[in-house]
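As written, the chain order gives the labels A, B and C, with residue 1 at the start of each chain.
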């Protein structure tokens, strides 16, 4: 059967080949725009097997049927995106020759965040020859992980080394038909991480803590797939507190998580992409589809996100709680300042019995920004004994911004219990004065109060990340008061 | 030169005159008490010295070591050594007392050109002071003032005062809402801070607190003015006679 | 708008042809209706309340059916002692069944044309085919409350009617209105009322609504209210029956210091569908709104609450609260809830809460331990759950009427 499909695919391929390649495969950059040729080019560049190319083309053809109709339900306004005006493949950027070439503002922020000098260079895109500690640490740990049976590699490599796993799971949680951006990603994704934790293994280190430097994926269209086999556990860190500059305005990542029986994945994100300037010019459009499937019983997926960057954030890390007794958790801090807009939240889909979910969302809006929590809690008819608890708090700083809460609660099971609470508040004059009376500057006071507001979420981050994230909260709100 | 000098201070709130020319001089080492009936401007005085928004100083000066306090932002005043123990300490959800204290201590240390306080040293210091004030160890792990009883809040204020070592400490109705045991503990905390380098301004409605913190000078504030000044016996007299005499005069 | 958002419905040319020539207001509305149609499932505000079933029924205008003859007020319509009773049958004012008005400060007139533009899809349908209605105006403190009784009935064919109610409370005036909706069994009928309310400066309006339509009936009601400075609008809505019921209430704050309380409850059995949709448009500073909605669902029914609360940039010091609590009585029903806050002002107090779940087993056990059998215990607890929602019904007589309606619902359920 599979063989038959492959043949059919090959025949289709040959037929389509007659339109020929318009792009030289040796080139570092595909021409602007999106077409089947571009997708073939990307696939060829990565030397992908036919089935992968087929999957991409299928997604692309589906995407075409959507006729440019992006989802319109989010509370976001941005100019129409011209998908033919973007580049979909480019070789890595030219490195800067030395630290002197780096934007001093960027370096100042690195300093405030307390990022070590060596890391700063890499983050800023400076070419470094010397092997510094963290890289060698990374190499050591990588070897150790391999010995334990952990597969942790770029997904483009996994396609070759573990095609059976990739075939089985890729697109199984976020199919290309899921939404406009997921279809686009499935067609053009360039790279991302692949993680497989074997049965019974508790991965002893936070993945990518040590790797964030040399395995940094700053691609436009990342694709991440993490599988925790029975009884396995892994904590995965994505992103970085350091501000990220990227010339590509459109980002559309897809992340899929799968937990089998008794497995657990903890996925933490800090997103600090370029938010645009104070007048709202520029900034990244970040359309992300993140979803985890708790397929096995007693399994658990926990999302923590700290979203401070991007001009537009459209992101709903979700959990499909299929296995009985499975648990989904979502902890979110979203900060918008100046002209940023964020529409973010989660979906908790309860299918199995005794499934539990918890949602803690903290939205902070300042400047002229809009910040929306949008969430869905759905209890299926078979989810006996399911439980959900949701707490959404919004904080407004100033009277030019907006904070919005749009929860959907849909229950079809009498034995399930859902509980949702939302509040809106501001930093009171009394709180500010109290802190100032104890000698803190206004900015220190705001940072302290907002960190307190976010505490429940920030404390779910791995230690090292948490400290930087706390500083980031303050930095993101600089200039928002007074 | 007096440590804190208030000269002919006139203050309005929303166009309404609250303080009508107050002059006071607090020398280092002195404890002054300001007494008066409700609504007479006692809290206005403490808020103006500490730099809260919403008060309009129409005339007069406040000087700390000869420096113009009114020209400074609230946080600058605090770092210069002005401490206000609030009548109603503010609750800040999620911010632990310990994080708050550390931030405040470091803000002051930075202004003094000192390095940030070491985490262990900080804990040791706080624990020692907490013990003196009869506070449970885990109190600093709780969110600042959130769910604190009235007594706990006031003790936390004194704890902050102890740690921040101000030049001038203003206690705004610190005795309100305290039972006798808490009052004793808080007063002891304050008394241990009395020193030749420091001055206190104690604002109170009742004489009760002054049994425990014995003032050098007592001033009666009525109608936004100091209508009488004297020694600690003045407080006792007020306790016995009430404010009627001054009210009718004003 | 996308075509998929529209619905092909029976209120087209055939429906219009059965009625006399339209006046200009109705004509204009029919043109809008032809363009905009009825909302389909892709319209966000209608996602939980599909109109597909309604659209499939070949309704005729109730006024054109010659085989409907209602001569009396049905016996189960509650009596509101001391109230001025105003009766409509199939959306047409019936002087013969109504009380004469002789109350100082109170004027009740028959409404003939859709005077107010109301921009909601069902209000457009109403304006296109308005069947009749009443206008109530209050000046000063009106001692006697008004009881509007709406009775629906179809003949051999399913019938629809579209009444209009206008309630105007003058500045500093006070009025209490009870509105009850009932119907006769038979072919399905569709009641599509629109109510426009204005409460003048420092005026007070208490409005109580009971929807207990026939189990086959459709009831889609749209209410729009303007509430002026320092005015109070206090409303309670009880939904106890109908195949498909929606009570949509939109409130505009047009003056400072206004206070609105919008409460409600529903109790559903069988395949009943009930939808509360509210919109609080806080466009003025210093206003308060509070909403508490409670529902119990049994059989294969579906309860919906959608509440949107919008606080404009300049509406500082707004206090807006929303709460929805739903109780499942069996396996099979469905609850959909969407409380929504949209806030552009920072000095506000806004919050919402929502819960779903079944009866607390501890409560049941407690009653069992006191010797109460499980069935009686459940009834008692349901009654308690709903009675709690009635707590803020200030008018004692109305409280009794609604309380009796809830008991009646429980008794019918127990005997079913």
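Criterion: a contact is a pair of C-beta atoms (placed from the backbone, for glycine too) under 8 Å apart; a residue touches a chain by one contact, two chains touch by 3 or more.
This structure is a prediction, so every number in the text was calculated from the model and none was measured.
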item: Chain nearest the overall C-alpha centroid of the shown protein atoms; value: A
item: Chains most often in contact, by C-beta pairs; value: A-C
item: Far-end chain from chain A, centres as C-alpha averages; value: B
item: Inter-centroid spacing, chain B versus chain A (mean Cα positions, whole Å); value: 49
item: Chain B-chain C separation of Cα centroids, rounded to whole Å; value: 57
item: Cα-centroid distance, chain A relative to chain C, in whole angstrom; value: 44
item: Where chain B touches two or more other chains at once, by residue number; value: none
item: Sites on chain C at which at least two other chains make contact; value: none
item: Contacting residues of chain A [partner chain B, same complex]; value: 428-431, 433-442, 444-445, 448-449, 451-456
item: Residues of chain B that touch chain A when the two form their complex; value: 50-53, 73-75, 77-79, 82-84, 86, 89-90, 92-96, 99-100, 103-104, 107-108, 111, 143-144, 160, 164
item: Residues of chain A defined as touching chain C within the complex; value: 73, 379, 381, 394, 396-426
item: Residue numbers on chain C that touch chain A, as the complex places them; value: 44, 313, 316, 326, 328-331, 333-358
